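Order as written gives the chain letters A, B, C and D; numbering starts at 1 within each chain.
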Amino acid sequence: MADPTRSAEPLEDATVARVHESFARQGAMATLGAELTDVAAGRVVIALPIEPRVSQQDGFVHAGVLVAALDSACGYAALTLMPGDTEVLTVELKVNLLAPAAGRMLVAEGEVVRAGRTLTVCRGDGYAEQGSDRVHVATMLATIVRRRTA
Amino acid sequence: MADPTRSAEPLEDATVARVHESFARQGAMATLGAELTDVAAGRVVIALPIEPRVSQQDGFVHAGVLVAALDSACGYAALTLMPGDTEVLTVELKVNLLAPAAGRMLVAEGEVVRAGRTLTVCRGDGYAEQGSDRVHVATMLATIVRRRTA
Amino acid sequence: MADPTRSAEPLEDATVARVHESFARQGAMATLGAELTDVAAGRVVIALPIEPRVSQQDGFVHAGVLVAALDSACGYAALTLMPGDTEVLTVELKVNLLAPAAGRMLVAEGEVVRAGRTLTVCRGDGYAEQGSDRVHVATMLATIVRRRTA
Amino acid sequence: MADPTRSAEPLEDATVARVHESFARQGAMATLGAELTDVAAGRVVIALPIEPRVSQQDGFVHAGVLVAALDSACGYAALTLMPGDTEVLTVELKVNLLAPAAGRMLVAEGEVVRAGRTLTVCRGDGYAEQGSDRVHVATMLATIVRRRTA
């Protein structure tokens, strides 16, 4: 399981900048209103306001939107542990939806479970927050592959 | 495996209307520019133009957007085989991303693999199309649960 | 995520007996040499000696054997939180294999992430142990459905 | 989706021999009574008699045993499309259990959905057979990684 102490490790500024720069190029994140809220070593958090534009038919967050936030959080968590000349692609992901995502804000946390040379396994957990309430709405496992940038 | 002949079965107008009506309430589908293009018994197709607003950092369709379209296609495929007083929720899903999704249009096909009383298993397949080119970009397995509407 | 304190909750003797009795009827567990080593509320542990009879071609534990132990651990973890007239079936499972499973003993831990009325989501983690070494070799997510016994 | 015509392609004898030789070293396959029944290009079939020694508590085939057969079928399907100096490891797999596996024989079919340089995605389908009855009991997606042998 991911070492929770690892998320406290400071990251080099260049790595944090690399994650922010890549995130800014993800049109889907802007379209969904998502923002990067934390970038640490092996752990990234993304937040997204729960609004009608990201809903399914009953007003809860659409599963695909949840997956979008969790997938980006997992991919960037993997990227924080890689050298500068690499980028990441998601090979596959699986998510269990634990409860309807309602409230004010969706928080998607991605963290590295195991970082390999080629493949990194991440876990993602999604929470719906409203005031001090925090409901665990989804849990994901994802496999990320490292690619050298051209 | 899904019986391919089943997709040719005609559906009652009320069922087709029910799917369209529910789809229209999915804010996320409108936000992503997705449209229902086929509703048959046990099989639903959704199309989505590939544009910068649904991209990841390299301009390909974001995995979460792909999942959003495939998940809705699978859920509605399940719904077509259920009685009128029910709705569907996704329990879990898993997707393998087979190739970068580039081109003009993303087509997400969902079909029922097995319809049970409570749980329905669906397969989803995503294709990126450009002219006569059609690339298989993703394959999904999803578990859908039936809920009685209030 | 599963509340780790929950695993400390004492279980009624009847529940523990129910799990042991069901486990004893699993022919596959005997065939693989697996034993129940812990049964707590929402958490079950199974151990299995790493021997040639459970191997894949390189002498490591076969992925299917790992899944067998993790699946039983998850199913019984779910069962501990249910009333006496029920049994469990696995709906689906997904596992990431993190490292080759070598050593003396495979330990498979299953714990409940979320217990619903019909569906329970569990996480399973597999460890290969040798002396004081403990390697995280697999992580699973599984969906378990509750059935009333006849 | 896998090209069904591909399974008709003849394989070189050396490749078929390589699969059989590797299978013979899988202790778990012998323990479970599994046999290789077909090896074609991108498609492998394994059969396993349904007996009490592979059962879960109700006498059906244990999910882990099903996964063991499907995982080996998928891995070897991937191997048939690779050069001679490679071997395969399963990165991850996900299976939906569609119906209880009862009858005389379990048949596990693995086929390649997409073969990449490093990663191959396979689909596995399990069937329980008794006389002329054939029930679809499981469907799997698996990611296989290619490793160069030492």
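Here is the rule we go by: a contact is a pair of C-beta atoms (placed from the backbone, for glycine too) under 8 Å apart; a residue touches a chain by one contact, two chains touch by 3 or more.
Only a predicted model underlies this, so the values are computations on that prediction, with no experimental measurement involved.
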| item | value |
| --- | --- |
| More contacts between chains, B-D or A-D | B-D |
| Most distant chain from subunit C, judged by the mean position of its C-alpha atoms | B |
| Distance from the mean Cα position of subunit D to that of subunit A, given in whole angstrom | 33 |
| Interchain centroid distance [CA atoms averaged], subunit B/subunit D, Å | 28 |
| Where subunit B touches two or more other chains, by residue | 91-92, 94, 96, 121, 141, 143 |
| Subunit D contact footprint on subunit B (complex, rising order) | 1, 94, 96, 98-99, 113-114, 121, 123, 125, 136, 139, 141, 143 |
| Complex contact set, residues of subunit A against subunit B | 22-23, 25-32, 51-58, 61-72, 87, 89-97, 100 |
| Subunit C-touching residues of subunit B, taken from the complex the two chains share | 91-92, 94, 118-119, 121, 141, 143, 145 |
